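What follows is a pair of complexes built around chain A, which joins chain B in one and chain C in the other.
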Partner chain A sequence: MPDAKFTPFNMLALLAGLIFAIFPIFWMVSTSFKLRSEWVTSPPTWVSSAPTVDNYLTILAPQILLDRRGGTQQHGDEGFGGGKDDAAGGAIADFLNRSAWPGIKGSVIISISATILSIVVGLMAAISISRYRFGGNFTPFFILAGRMFPPIAIAIPFVIMFGPGIFDITDTYFGLIVAYAAVTVPFSTWMLKSFVDELPQEIEEAAMMDGYSRWRAHATVTVPLIKGGIIATTLFIFILNWSEFLFALVLTYTNVQTIPVTLNKYFSATEGTLYGVQAALAMVSIIPLIIVGFFIQKHLVRGLTLGAIKR
Partner chain B sequence: MSEPVLELRSISKNFGSNQALRDVDLVVPHGSLIVLLGPAGAGKTTTLRIIAGLEAPSSGEVFIERMDFTKHQPNQRDIAMIFDNLALYPNKSGYENIASPLRISRTPKDEINRRVMEMAELMKISHILERTPATFSGGERQRVALGRAMIREPRFYLLDEPLSSLDFMLRIDLRTELKRLQQESGRTFLFATPDYTEALALADTVCVLIEGQVRQIAKAQELYDEPIDRDVARFVGNPPINIVPARLTRDNGTANLAIGSMNLVLPAEMEHGLPSSVSDVEIGVRPEHVRMVGADSAESHLTGTVNDLEPLGMHTTVGVNLGGVNLFFTVPGVQEFSDGDSVEMHLDMESILFFDPATGRRLS
Partner chain C sequence: MSQVEKKEKFLKELYRLWGMHMSRDYKVSRRDLMKGMVSLGLSGTAISMIMRKAPFSVKSAWAAEGGTPEERAINAAKALYANSPKKTVSIMHPSGSGGNMSPFSAEWKALTGFDVELIEVPVTQTHQKGMQEAVAKTGRYDLLLPAPLSLPDYAESGLAQDLTAWVDKYDPELFDGPNKLEYPVSDFGQKYKGKIYGLYCDGDWWLLNYRKDKLAEAGKSPKQKRSVVDTWAEYDQLAADMTDKANDFWGALEYRSPFWNKFHWMTRFQSKGVLYFDKDMKSMAASPESIKTVTDLVNIQEYMPPEQFNYGFTENYAQYYAAGRGFFEFGWPSLWRYSHDVAGAQSIIAGKDANGPTQTGISKVPGDIVNGELIRADVMPFAWDFVVNAHSQIPEAAYLYAQWLTGPTMSMRSIPNEGGYFDPWRNNHFLDPSPEFFEAYPGDFLATSYEAVVDCVPEIILRGGAEYHDTLDRNLQAAYNGDKTPEQAMKDTAKEQDRITRRLGKDTQIEAWRALAAMYPSALQQAAGADKWS
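Up next, the complex of A and B:
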């Protein structure tokens, strides 16, 4: 007997949804391997006729392309290294001097640090709100206040505070880490609070009765039992930090860069937007998320407290 | 009595504008089993949590072995507690759950092993030590929680309705076992329950907590025979005590009690126990103090009409309209009545309890 859930109509709807969700990713993958002449064509080029890794080389190892440009034009390919691009070479050369590595490095340092900071602060806030009614009814909502404004409205005071007059931490890793943590703590607090709320208080209280201090009871009982929630929150906060653009743009100059800001720089007045290069960088940037997501999905399960209490 | 291991001195607790506990005083002697009895929401759990240190009282002091522990953290008090939801560690095996207090106190490994095995033997749970709580039955969970509490020797034990969600037979089994365990070990138990039969079956002393106040602290039987007020009388006993308004009149040394349209002579020794100023009262009559008698009985009797019937196997609860007042009483076995049947009833006058209708306090 066929499964009732999979009627032809359902299958069709599912397929449509799937295509809708997958298409942008397909386009990004496809574009990252396209030749420059194929980025913007009409009718669109679905899959490159001669796939190239030059887009990736531009962001990861521009030296190879520069060397190739300097050498004889044996290959005659259409990438940046190839002869056909020489007419526009000047503008391209600017980009070739700038790999995406500073951006990748910045993103890794800032996103990881800010995520850890946000989770640690958020976890402590969540436990104190959930378990000790810290701040009464008002504080938990007040924590969300920062999220009630459009980000750009929040960004302006940050620019002023981080400026030379006050903290003088513009264009530093530290500054951006603090800013990211400040912006994501409301999320981590509220997400983690919901997981702590779900855990019966008595389990950690039992640990306190058994002889643990409050801190140790939370560290050895609460935290392991909401591990799934902490991992899910960590991933969520990491994605927020990893893809953040506005703060990274306004709070940095040249010293510190992140991938989203770098992405925006592959653009020039003469060349227009370098879609293929951007797609390649986007590809590079999602790889860590895919890997992490794959490895932690088994932790993203609920129901860990099964059997702890009578219902 | 031996020296108190725990003493509560006028403990009050407010949650916002809601007063959960009001001036609770309680002394728990060493080696006793005291039951905290009260309906849901009476403040039993709050009282235990304050003793455990999981909640701070709004005012009042907690003395443990004659020292003020009011501001101490739970882990500094050396008390074991069994929570009403048991609160086992879901990610740990039965063995680790029981061993947990010993691990925290850094007991040597081989001693932990020996004591856990002993405890498992005692609790009859040796077969589930390797499994996690998700696979336990209700009774096994209960025993593991008990084992985790009993494995160490704290100053005393707090048990918060630990038997509440077990099925009837298991509850009685474990109740008996708990009492035996307490008596054999000579440890001190403070046991909270809303079930008066459980309280009466277990306790040396019962402390009745109603609406956040300690109403009465007494031996179990005393509680039943001489409740301090109407609420306690109602709470203890099943089927519940009959409480009806009555009027007391005194005339030349004989007292008459008017209940509905009935007029009964009150025995002289009963009358002496009552304040002379009283006329309007409420009387409490336990269902077993109303008896059915033959129409030709020499005992005083009244004629009533059956209006309710509830056969319960061992006995039958019968509702009777007696002179305009509805009373419930119990008769042994299954009795065949139908609504409207006329029955002759004898009211055991010596057993009547008198209450002040305004305050609910017992008068006699």
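Up next, the complex of A and C:
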């Protein structure tokens, strides 16, 4: 519809959609700077009257807060019972004994490694299925079958398999990387297969006619031509790994932590949910995604539209 | 016969018996055998009876070396250390509770050699992580820290170690002596089907907090010293009287959001002399008493702020009670503790003078008159238990750590610490608190809480407890929101609960339920007729 005009109604609808999409992010940013007393109020506090960075300090540098309040009160301390919790934002007592850095470090290592592994395996699977009909017609569905039931159904088998009796890789980076890759390979295979399918096979055949081996033809012809698709798939898989909670919960104890599990720990039976601290950690956790998304946006758009127009 | 002759005869007999033992040719007659067996049985019985009646210290010394639960635990753990296949006690604990344990880990190591490793899991995932261990059997945790609601599932799945023998052997002073736990709390949060599976590290029964300054301003006074009102009718009336909507001051701050809402029903309903189920495990949710309870709970919403439908415990407390905008609030011990955290400024009603808190008062929960007697059913939602992992490599050492930390002296030290959940449960906490302990729970709290303990009732601590709770939660919420009438909501609850019972196996559930019902306060058991069930 080349003649369609952008009417004020369109503008309003777009604005409403934008507000709907942006509001959760606004609320997260706002809450991350709120005082503890403003986290849940009626009527709601839209923007803090006295913004604080204590929520960020709680996750990134809790020692500063701990020093400011003179440590936690323990039995025998002088002036015991006076209460040291300040009215400012941030968590109290037990939550100040550790930062969220181990979770951030774990998420970075695991998500990057598992994404690379998933993309490499998925790409090879996609090419072998698309070009060589590896395993016949059933293989793609067999691979996808791994995602046809809820992850919780395979969580316990993973725990047993990864436990001391068999592989003994629970609570290790390697274990979680393997688990994440295993869970995301069906996605990467199917997404990449669709990009490979759209690429004319004749281009690779021409390369082979010129003397390229299959491996070299795919590496130098197929992969560069579906680069946008690979990048889009990579980002998608990275987001899946970055936000994964269940496997990180059941396959770790103390050595390995990830952001989603750490986020969940800022909740206690007596303190309730530490909304401000959780919002601060959520803010920190989306920054890498925003940066990566910004730099690869050109490829992303190309990748997402690759194959949209049929030959 | 002279003494010398007697001695000779005795020695001869002894040599004869010894020779009998040594000689291959000698045959013991049936009569001698029977005599021996009977003597042995009578001696055993006599020793057992003597020890049962023996003074506490004698019994303790007999069971294990040491005069206190802590000493016995330390001595036994020290003895175990050398040959222990694992030198660290690993503890799975809910997020935010480390402050009650971490300050004492070095002390335990110095005393016994065992290290302590705290493995924190999100508080909402403790039950699931335990059940995961039940299947995976990794032995990664030696101790777990679940709520009593998890005990049946943990026990039935083989995860929770039966602690009964160790409790007998090491005597953590749970049921006798000045430091014991008062019945029925001593039983229903630690036992399942008659066996001990958990050691409390936290007591969590509800008390009713109220604004005593506002009560005085209104020219009223508490009904009794430890009870601002006696009955639910009085509670409803006072909540109505104290409400001042124009000035945003509300009579009742009850929980009306999912998950939290059911605890009000549990305490109100059972004070009418009816339990969750009848003798044959048929749900009593649709009984007239239950429907009346829900109707009353809906009616009192007129004196509650509208945000109650969204707020949980902490939000409710912070935004209304601590902000000075509400009169009554039911709650856990931490509510009282925070209310008097003057320096913390978490509460604008904080304040105390030489006579104790100036603005807030504490009271036992109201009850109902049943057969001429006032019945209170003070629900204990949550609490936390130490449970020993049956798949641990060092279950006994793990038990001993739990006995040590929950002992009368150690618990007195750990509970008041910051950054934890643990609240008082032993008698010495209430009756003989240390200055630090009293500082953390000032005023009338400890005395009132001690009086209330005898009225405590459990949650539905059965296998599938979370499912029974969930159906109750959903239907109550529908009634509170006006989506269902109280009758319909409770009929649906009963139907769903009966279905859960059938699915889990009616016979085993009946057995567990009767065991739980036998751990109710005796007055409530009698009112419900549960005292005649077995």
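In this section, the second predicted complex is superposed on the first by the 275 of 311 C-alpha atoms of A that agree within 3 Å, B and C clash if a C-alpha of one lies under 4 Å from a C-alpha of the other, contacts with A are read in each partner's own complex, and residues count from 1 in each chain.
Here, a residue touches a chain if its C-beta (ideal position, glycine included) is under 8 Å from a C-beta of that chain, and two chains touch if they have at least 3 such contacts.
All figures in this text were calculated on a predicted structure; none of them were measured in a lab.
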Which superposed partner A:42 touches (first chain B, second chain C, both, neither): second
Partner touching more residues of chain A, whether chain B or chain C: C
Touching partner for A:249 - first (chain B), second (chain C), both, neither: second
Partner chain in contact with A:208 - chain B first, chain C second, else both or neither: first
Touched partner set for A:221, first chain B, second chain C, both or neither: first
Partner chain in contact with A:137 - chain B first, chain C second, else both or neither: neither
First, second, both or neither for A:159, with chain B first and chain C second: second
Overlapping contact positions on chain A, where the chain C interface meets the chain B interface: none
Residues of chain C that touch chain A when the two form their complex: 90, 94-99, 102-103, 117, 119-125, 129, 132, 135-136, 138-140, 305, 307, 311-315, 318-319, 332, 334, 341-346, 382, 413-414, 416-421, 436, 439-440, 442
Residues of chain A defined as touching chain C within the complex: 37, 40-42, 72-76, 80-87, 92-97, 155-156, 159-160, 163-165, 170-171, 249-250, 253-254, 261, 264-273
Complex contacts: residues of chain B adjacent to chain A: 52-54, 73-75, 79-81, 83-91, 100-101, 104-105, 132-136, 138, 141, 148, 165
In the complex, chain A residues that touch chain B: 200, 202-203, 205-214, 221, 224-225, 304-311
